[in-house]
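Look for subunit A in each of the two complexes below; its partner is subunit B in the first and subunit C in the second.
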Partner chain A sequence: MAVLTAPERTSPAPPPPRGRRARGPRRTPPLVLAFLLVPLLAEAVWVFWPALQGLYLALTNWDGVSAPEFVGLGNFREMAHDEVFRTAAVDTVLWLVLFGGLSALLGLGAALLLQQERRGVGFYRAALFLPVVFSLVATALVWQAIYQPDGVLNQLLESVGLDSLRHAWLADQDTALYAVIVPALWRQVGYVMVLYLAGLKGIDPALYEAAKVDGAGPWQRFRYVTLPQLRGVNAVVLSVIIIDSLRSFDVVWSLTRGGPYHSSELLSTYMYSTAFQSLRLGYGSALAVVIFVLAFGVIASYLVRAFREAD
Partner chain B sequence: MSATSTAVRRKRAATAGFHLGAGALAVLWLLPIALVLVTSLRSFDDIAVHGLGSWPRSFTLDNFRQAWVDGGQQRALINSLVVTIPCVLVTLTLAAMAAFALSRYEVPFRRSLLLLMLGGNLLPPQILLIPVSKLSELMGVYDTLPALIGVQIGFGVGFYVFVLHGFMRSIPVEIQQAAVIDGAGPWQIFWRIILPLTRPALAALSALSFTWIFNDLLWAITVLRSDSKMPITGALIGLQGQFVSMWNVIAAGSVIAAAPTVAVFLRFQRHFVAGLNLGAVK
Partner chain C sequence: MTNQHPSRRLLLAGLGAAGTTALLSGCVTASSSGKGSSGGGAVTLQSNLSAPQAKAAMEDLAAAYAKQGSGRASLNTVAAETFRTQLPTYLTSANPPDVLTWYPGSVADAYAKKNLLLDLSDVWASPDLKRYSTALNKLCTAASGKKVFVPTTYYWWGMFYRKSNFAKWGVSEPKSWDDFLDLCDKLKAKGVAPIGLGAGGNTTWVASAWFDYLNIRINGAPYHRELLAGKHRFDDPEVHKVFDRWQEVLPYFDPNGTAVAFQDASTALLNGRSGMMLIGTFFADAVPKNALDDIDFFRFPVIDPKVPLAEEAPTDGYFASARTGRRDKVFDLLRYLATAEAQEIYIKGSSGTALPCHPDAKDSGTPLVKKGRKHIEEAAEITQFFNRDSSDALQPATDTALTKFIAKPKSVGSILTTWQRDAEQIWRA
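The block that comes next holds the complex of A and B.
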């Protein structure tokens, strides 16, 4: 978890306080309580209370106008027979594996390539990192221009004589999902690279020296020094990827809205269109609960780790 | 002698190989950005005749005018800034206050409270969408920018509390004890001592949260309905519908939407990267 500590911190870690009370006064001053309660209230109003409501709404049928009708687990039973739900679930898993796996691999690869401080490396890092600050909507539009039937990709294929590969990339059910993953990757790799760069910087160079003395080649040094030392970062990257994958919405929504024929539908886009376009708010909430349950493992393990960090 | 010259040559070859590989990668990554920049400066006829991928044969700034005025991007950009700037300021202020309380005082249940707040941010937003849109209707703020500001603050604050808590905890206790002996109250300790020492983390988080809030689409389309109130992300989708396959205008719109965050990134690059490492939880 080296990444969770601030890189700017130059002073050494404080000595452990003598006894729990050394940290501050025993009684909490009212002002300090107010300091805590105001933000907590803001979060309670906009997050905790809605979350509880969301859990309840998942058990209802609701069109948003008349009173919600309690149906128990009916929404979840319906899911079992819902073809679109199945597609969205499979696509979400595919998204997790492809988008997640590739962004981790490419991010690590880029970090390994660009880890050494040498002339020009700052430029390369910035180039890979620049898309991270783009909104996914702008990213999506850029790529839409590339994917058009008369767009750049097809023109490129034609100019190298691969006319047969020309394609309406986003309008074809077989390619839509993969065509959406590429821009998402383009944007994510730089982010993962930064995390890995920080992790690589944290490895003690003496370990490499020692491995070299023992006669380890470059591959062995990577396998037996770098990888084990990156364990903490890997955990962070993995959690970031899973949470990001389940949240992924903007890029799909602006490129395909889940289409054509739900071929690029993710659970998140299906949830949104069910709730806000078909106005089936109860069923939409139930889909949200499924997303929550899928994310729960990550959230829980994160909190467990944070728990250890917190004191 | 010859052995060293071989070594030098090999090193030079390795350097050339590195620049070749990394350079190719950088070009590949910058190509889509270059494409959109070039497209935003071409005329519609040029693109229609020669295609998006051809070498540009025209130059015009009119696309920006169309996106800016006819496409409503000017208003959208103002909306985005009206939402983003107060959100960043308020969220970080609230988060700094809570982190101060949790990290410097023996607040009861402080560990659980901290994790509760972090947990709120880790929730997938999907589970909140419907209740939040209903809640904003109930509060009479549906389809107004304050609703978007409210939900962005509420949803973001937990994460910043967690990061700032970690940072503030590393400030030595003795500094605070000295201030207490000098008769400083909590407010003075917070304002004069802890906050200035937390500046690096606050700078990093502001750069980061600016781009996150500015780039958000999901919350915006959940609590807003009118086109005139949409921030730049929502407006960009609207632009796409309004100027169907007029790639020159859409590209100009994308450039306008990306410019503020790119500016923040270029200006605060160091803070930005530090913030990502600081905030690896996100």
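The block that comes next holds the complex of A and C.
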């Protein structure tokens, strides 16, 4: 009997009555609820609502003073025939490829060079990461001094006998965009390097040992071990690069303001100058919508592909 | 029971958020009416005079106003570029600054048409302002007939040079356009860039002075004002004539003219790397005091003697927000700013190259300023400056057109077509 009764005593407690179970979700601690709802409210007020306002403004003509005048898709139709918009879009793609591509390549290169724990490697890592810490506007001011007609770069060229290459780097439409990319790259490479360093640290050394045992050379180890293992980091780097490319503004604005005559114009600088200098806030908002759609579209399509591959 | 507290808090937070949202939406788009600041306290004075000497002079002025006992002004200095882009927001906000530094003429009139400026007719009834010149009176009157601006100082534009450098190079002030071209040739032969510009960096607008002056010398000030008000086209034959003449002097421009800001171009002028520069007296803020006595200027050369002589003499001063809650205090401050005493305090504290608007106020008395006053008095017409006679919104399109012309003078046809198209978009907005 004792044997028979014992399991009854140790059997799991009966399920709670139905009514109590139904009220379960309501027992979410108020603090947790607050942690969810307060940020949601803040986000709604400071992000979602202004974004919706931006969408509405994109459908209006507005000078910032009078009441906005609803024009439907008029701003987007105008954009289709706007040469400056086309220049800015092409420059933005160029920026994405050059700034994005080079920062990924150089960042990965720097990470591979500096991944080994050797003496003094910390100094080099810190030196490469240092520009990330500086404000981009301060960075731009320093580079402005470098690019000045009497600046460091031209003096350097002169001192090594390359006078013919002396140039007004930021005032020439052929060089302005490329001259602006350099400081942006200078800053971005350290950041990408840190992301890749973290990725490299996460690779199991046993994989390299196994590859070595199999007779793989350095290139084959990089091609068949390192790169596949960095796939997760690549997704992060790519997202960061696309977002940073599309929102690149401060360095260009500080150095050239999109000039000379729109030759270094990006969608972001064109949006700013249209909205806040020419006071065409409706058209500026329409440009902002285009930037948002581009950023969202590129990142979403990449992520969807990445998830499909993962499946 | 315990769940009721967070609910109530959440409800309150929700109401707060909804209220904030409504408030924000008001800030973003509406030009809703609001009573704004309360009647008490100091008058808020928003200033764009951020150059060190000018800022210090404004502080002296605020202190002097407080000392005379009728009220107080709380000075808030904002960097000039930020001020310019934020001005529409200041004026349309529910709680605007009471008094703001800015420009009279078409710029002020544009805001007055939107009922954003306080009617200052009562202030203009003061004994001081009654004595101001008819030209200033007209400049500060909006299209509605109301006074909307109190002018305090003005300055002039001219071809500035360094006397000792001209003496060293053995050249003198030109009297005509041909003399001017001769002078450029002589300077070029001496290895000096004859004409400095300073339309790079953040001061691309400086190039507009060349357009303004050539246009008022060739087509006259009335045509210039009408063009800038959208009554003529930028691709008209008259405008083409301006650029034809500009092409004659373009080879004498400093090749770095569109690569450096006017402050750096001023340094090149002082160092003798460039010979002369079309600029306003504000550039003196960057000139060391000991070099100031060595600075001189001449009138932009006359091109067509039949065209009445016009000069650029931008006027500065103050307007007030229509939404101020301190109307009487604002009037008191503006009456004070219009006095000879206040204008002298400002001139004494700043670089001293500005001229006071009050007929009794003393200028700094230097030979340069005396010559500047005579220069303006001899003009049959006065213009302000490109953005002041047109609008701030048109300035970026103008900067693009003019710097492109300087780099690619042969493309003038397409440049003017694009300029006109951009201008139409801005006027339509």
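Worth a mention:
We adopt the following convention: the second predicted complex is superposed on the first by the 270 of 311 C-alpha atoms of A that agree within 3 Å, B and C clash if a C-alpha of one lies under 4 Å from a C-alpha of the other, contacts with A are read in each partner's own complex, and residues count from 1 in each chain.
By our rule, contacts are C-beta pairs under 8 Å (C-beta built on N, C-alpha and C of every residue); 3 or more make two chains touch, one makes a residue touch a chain.
Keep in mind the model is a prediction, meaning the values are calculated, not measured.
Using the contact criterion defined above for the overlaid structures, shared-chain residue A:Leu57 touches subunit B and also reaches subunit C.
Within the superposed three-chain model, A:Val289 lies in touch with subunit B and out of touch with subunit C [touch as defined at top].
Once chain A of one complex is fitted onto chain A of the other, the partner contacts of A:Gly202 are absent, as it touches neither subunit B nor subunit C. Shared-chain residue A:Pro131: touches subunit B; no touch with subunit C.
In the superposition on chain A, contact is made by A:Ala306 with subunit B only, not with subunit C.
For subunit A, the partner touching the most residues, choosing from subunit B and subunit C, is B. In the superposed model, A:Pro68 makes contact with subunit C only, not with subunit B.
With both structures placed on the common chain, the touch criterion links A:Gln148 to subunit B and to subunit C.
Of the two partner chains placed by the overlay, subunit B and subunit C both lie in contact with A:Val38. In the three-chain superposition model, subunit A touches both subunit B and subunit C at residues 26, 33, 38, 45, 49-50, 53, 57, 64, 144, 148, 276. Subunit A contributes residues 26, 30, 33-34, 37-38, 41, 44-45, 49-50, 53, 56-57, 61-68, 78, 83, 144, 148-149, 168, 170-171, 173, 257, 259-262, 273, 276-280, 282-283 to its touches with subunit C in the complex.
Across the complex, subunit A meets subunit B through its residues 3-9, 11, 13-15, 17, 20-26, 28-29, 31-33, 35-36, 38-40, 42-43, 45-51, 53-55, 57, 64, 110, 113-114, 118, 120-121, 123-124, 126-131, 133-138, 141-146, 148, 150-152, 155-156, 186, 190-191, 194-195, 198, 236, 239-240, 243, 246-247, 249-250, 253-254, 267-268, 271-272, 275-276, 281, 284-285, 287-289, 291-292, 295, 298-299, 302-303, 306-307, 309-311. Within the complex, the subunit B residues that touch subunit A are 15, 18-19, 21-23, 25-26, 29-30, 32-33, 35-36, 39, 51-54, 94-95, 97-98, 100-102, 104-108, 111, 113-115, 117-135, 150-151, 153-155, 157-158, 161-162, 165-167, 170-173, 176, 180, 185-187, 190, 200-201, 204, 211, 214-215, 217-218, 221-222, 232-233, 236-237, 240, 245, 247, 250-251, 253-254, 257-258, 261-262, 264-265, 269, 272-274, 276-278, 280-282. On the side of subunit C, the complex with subunit A involves touching residues 2-3, 5-6, 9-10, 13-14, 17, 20-21, 24-25, 28-31, 85, 88-89, 91-92, 111, 114, 116, 200-202, 204, 255-256, 258-260, 264, 392-397, 399-400, 403-404, 407, 418, 425-426, 428-429.
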